[in-house]
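Both of the next two complexes hold subunit A, though its partner changes from subunit B to subunit C.
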Partner chain A sequence: MINLSQTVKEGAAVVAEIERRSGQRITACLQCGRCTSTCVAAFAFDYPPHRLMHLLQIGLVEEVLRSETAQLCLDCMTCSMRCPMKIDVAGVIETAKAIADEAGLRDTEPNLRLFRRGFLNNVCRHGRLHETTLLLWFNFRTGKLTNDLSLAPLLLRKKKVRIFPPRIKNMRQVRRLFQQVNRGAGPPG
Partner chain B sequence: MTDYSYFPGCSLTSSAAEYDVSFRLVAAAFGIGLDELADWNCCGASPAPHHWGGELGILLPARNLHIAGAGHPSVVAPCAGCYNRLKYAQFELERNPELRERTGAALDEAVRYQTEVLNVIQLLNREIAPDDLSERVQRRLSGLRLGTYYGCVLVRPPEVVRYDDPNNPVKMEPLLNATGAATPHFPFKTECCGSYMGLAKKEIVLQASKRIIEVALECGIDALVTVCPLCHQNLDLRQSQINAAYGTDYHLPVLYFTQAIGLALGHSPAELGINTHKNADFGNWTLDVG
Partner chain C sequence: MLGVFVCQCGTNIAATVSTDRVVQAAKSMLGVVHAESIQYTCSDPGQRAIIDAIQQKGLTRVVMAGCSPRMHETTFRRAIGRAGMNPFMLEMVNIREQCSWIHSDIDEATEKAIDLVRKGVARVRRQKPLQAGSSPVTRRALVIGGGVAGIQAALDIADAGIPVTLVEKSSTIGGNMARLDKTFPSLDCSSCILTPRMVEVKQHENIKLMVNSEVEKVRGYIGNFEIDIRKKASCVIEENCTGCLICQEKCPSKAPDDFNVCAGESKAISIPFSQAVPLVASLRKEYCRLFIKGKCSVCQKVCPAGAIDYEQEDIVVTEKFGAVVVATGFGLYDWKQSYPTYGMGMYPDVINALKYERLLSASGPTGGRIERPSDGKEPRDIVFISCIGSRDESVGRPQCCSIGCMYMAKQAILTKEHIPDSQSYIFYIDVRAAGKGYDEFTRRAQTDFGAIYIRGRVGKIYPRGGKLVVMGTDTLAGDQVEIEADLVVLATGLTPAEGAGQLARRLNISTDGQGFMAEGHPKLKPVETNTGGVFLAGACQGPKDIPASVAQAGAAAAKVIGLLSQEELETSPMVAEVNQLKCAGCFKCRDVCPYGAVEAQDARDGQVAHVIASLCQGCGLCNVACPPGVISLKGYTDNQLIAEVVEVLR
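Let's turn to the complex of A and B:
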């Protein structure tokens, strides 16, 4: 568990941890802004990618770990492909997200986290994804019952909705894969 | 006749059923045998690698690799997401013995992970020469301008998937050109469509996908061609939501790669499931042209 602190020394320790896990050198970033100019989601971020890199360079890790950027990055890796310094920017952001998750920072983008959890629980139950129950569950949990309802008529008419969930034979094996998460401790709640 | 193991994945059994149908039709036309993996499971898609530390993004596809390991030398995964996850699992299992150990523990035997993993473009390029396709064409797609849209996960990260150019992929073009279709310059072929955020963070998907459609139309493209069910969902199904959000009036068809080839082979749009798409009007270009 990472202890969050704004002291420069401890900030540096988290930056070092991000560098170690991602295999990237934060200091190599030139602040040219290429990552931000190629990012399709930057408009929805609180910190665009190059500013996130700068926050890490000056050790303001809490801003990074609590950022919307860490949660919302699509991991499309366009920034990593275009960086003139060949930094895997998406890898840095993904690592920051993983550390934020481990530290239990759950104040940004709860719906996205809810969607991922719902998706994986759905797979854990059936072995395959049942889109219908995922959509209904998510809309019920978020209280937005009409979310994407406009798409339903076409999907129903074209028989692209599975009413009954799929189910694979060896569910025991799939559940055992879930139990391997966290080095054998299973999914955290 | 070469036989391949076939991993359809969840989308191809539900919302992208037409991708499965068109792939099987094209494969059958060229004598490509497809054996569906027995009792396959979900690959984890985009949520698994970004949740609970990300390990399910390896463990779930690993079971499919393991099943494939008892079958043919190669397994084909038409869905770009499934393809990416299978390649990722292979990559991580190869270099992480501890993960290999734990995966094996869940599977009750040493995990088999070395089966060759192919995407649909790779498979069809291997089995069909452009000249052969050209000779088999029943409905020449002359005059149709197709925008080859590859998306992100088919070509990235390059060290994992090792397929085509990650910034300017070109492997769809030869077969499409062999059908008579043009593939004009389309600079957004690897721009992200917004990924899995459609339900939870819709504005990202709508803006990202709108830009792709907008640029396609500026390039004079009649239809986009994709190999990814999630891209298809964002670009085709959500086009009405884009129109509602931005006051646009887009009706750009989006085809699966296999549907475009199936059309050229003479199959009707209905046989290929093109009528199940939200946008199936090709404007001036008519599907009955000879």
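Let's turn to the complex of A and C:
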């Protein structure tokens, strides 16, 4: 049972905060479900994207901030691209994620945080993602050294991963990008 | 010299009926000198083939085996008329709707088609040439109902120079639109756009306005209706009343305020609203102290214009009209009996949307301040529930009210404008906003005015601590929800106006399952009815919004103007005829005739019946009623009908 007169009032401040920071109008969502239809990660979410939007519409902010969705969203932006109302759904989820972070609500999945940090450090070092070093580093840090190792021969044969890190032309620019972001919004991850 | 033409109608007929075999069989029928099968008889080459055959073979009678007479009888009458034949020497044999479309076995269908053709041949062999008559047209129109549709129709017809009588049941025109605060999706002030049109009706030289009046009896037919209109006594002399309202102020008898949907209180003598047209008071005897207790006469004493006349009686006016527009509008579904879980009217703060409209309106009983009926407090949480008595099979009302989604969005917007810190919740099943700018409007209610849309029906409403708990479900969240509301507004569906069924029977037009007046054809005759000369405008034909009502009224007016611009109308020659030599003068025919077309005529030994051809509609009732069988319908004589039956049974 959801008491709407309570949730709408109590959630109003956080919803307004999400709307302000993301620049999106939650109320514009039609609940057509196209975001969920295109989402590549929804199978792993507790609430699919359209449901997350509706929960915000009726003020259930606690559920949204504590949701796995806010943590697991890949930020691939497909939902935002497809939304018929031009809502940046990924931006809304991203904002919810940030607000949850600030409120210290996201400690349910420590490995997720570790992976995200490793991912960004990896990109920062090589200019683009080098999966091999990222996975080795992640396995080393989590202590599960053989995790996913059996996939390595196949991935190498099909050239999905490379042994040596890639080279990009302008490393300095990437570094500068990371420095700017770090200065603005704290450390990555 | 009889010709038979068998239409293939592409594959419509030819796929199930072997038209060649029908032609072969027809050739051997008595009197048939020509038979052929044509792919599309109604097409230009098809009609030319028929005309050629008539002229080359000297045909004098024609059987058309094809679609129904309703579809194409006129087409073929014209065609054979062009070939020089009498157009009535034609028999349409329906081998499509009543044969090929409903059968699947080719042999059986073909056999049936042959039987039907044989029947047609038998009838047309006994047909005599007929001449179409004509009747004069009364150049005057009647519009029944003074809502926005009736007003529009009356103005459009009157502007074309045709005199119009506008009959309105209540004491003022304006109808339901006059009760609305704003209109969707433009949020135009309803009375600001309607009032000028009402005044125009009053001032138009071609419009005669009759309020407090109802159509009582209808005689006649297209072009020549004779209609009795009862003008009910209002105890006020219309010409004298100045609309000063002193009588209403001084009247001691309270009465329900129908105009404000009982949101306020009125008096026994009153003018419903300040822009009423005509601005004339009227007295409701059932609430008046003088008529109940026999003592009062306050209004008569205070009236400075001497306009009160307690002795006034109903007047019945009989007038002739050439055409009628029905624009009786709609009523609201009475939800109280069918939705027991919503309190059956026990909770004063559960109201219908029209009453809420009056609370929103600046000219309403609260002067535009939203006060909830129970304690007069301004509500904060307002719940709207859609589809009350709509899309609900359990109460026998499956149809969509077509305006609820829009007026709920409008009222949610207006609520936010009236009370900025209010919160509206709208329970919906679907948001149906199919109109120009409509969907954008419902979106705006959500994005700009913060209305929260909850998809689901409400199960129960019950009071708790001065509030109403609305128990519903949010199917998008997948959970039960409850809201503590200050006010609940129900979007009730539309019904035909009170008395619409009775009027339909008087006008001899049909109604649909819900009692709305039936149009002539759902696609191609949306403003006509099955009775010639009677047209429909507005919500009497089905739920619709203001623009659609106005558009339909304009269309009905165009039809009326077209009809009444003719000097005279061609009448069917298929009318009854009395063999006066054999008539016994029992006048059973006169008793059954619905059109008053039979009169008595003096003969040598007493009186005999005579049919006034211009009144007869060829229904055949007299033919059946006549004991000696001496009254018959031209073109459908007993002789012809019996021959048909004999051929079918052969």
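Rule of thumb we're sticking to: the second predicted complex is superposed on the first by the 114 of 189 C-alpha atoms of A that agree within 3 Å, B and C clash if a C-alpha of one lies under 4 Å from a C-alpha of the other, contacts with A are read in each partner's own complex, and residues count from 1 in each chain.
Operating definition for what follows: a residue touches a chain if its C-beta (ideal position, glycine included) is under 8 Å from a C-beta of that chain, and two chains touch if they have at least 3 such contacts.
Note that this is a predicted model, so its numbers are computed, not measured.
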Which of subunit B and subunit C A:97 touches, first, second, both or neither: first
Partner chain(s) touched by A:123 [first = subunit B, second = subunit C, both, neither]: first
Which of subunit B and subunit C A:182 touches, first, second, both or neither: first
Touching partner for A:13 - first (subunit B), second (subunit C), both, neither: neither
Contacts of A:54 with subunit B and subunit C, given as first, second, both or neither: second
Partner touching more residues of subunit A, whether subunit B or subunit C: B
Contacts of A:28 with subunit B and subunit C, given as first, second, both or neither: second
Subunit A partner contacts - residues on subunit B that touch it in the complex: 10, 13-15, 17, 39-42, 44-56, 59-60, 62-63, 102-103, 105-108, 152, 156-158, 166-167, 190-192, 194-201, 203-204, 207-208, 211, 237-238, 240-241, 275-276, 278
Subunit A residues touching subunit C - in the complex, by the definition given at the top: 1-5, 8-9, 25, 27-28, 30-31, 51, 54-55, 57-58, 60
Contacting residues of subunit C [partner subunit A, same complex]: 381, 423, 425, 443, 446-447, 450, 452, 454-455, 474, 476-477, 479-485
Residues of subunit A that touch subunit B when the two form their complex: 40-41, 43-44, 72, 74-78, 80-82, 88, 94, 97-98, 101-102, 109, 111-117, 119-120, 123, 127-129, 131, 135, 138, 147-148, 150-151, 154-155, 158-162, 166, 168-170, 173-174, 176-184, 187-188
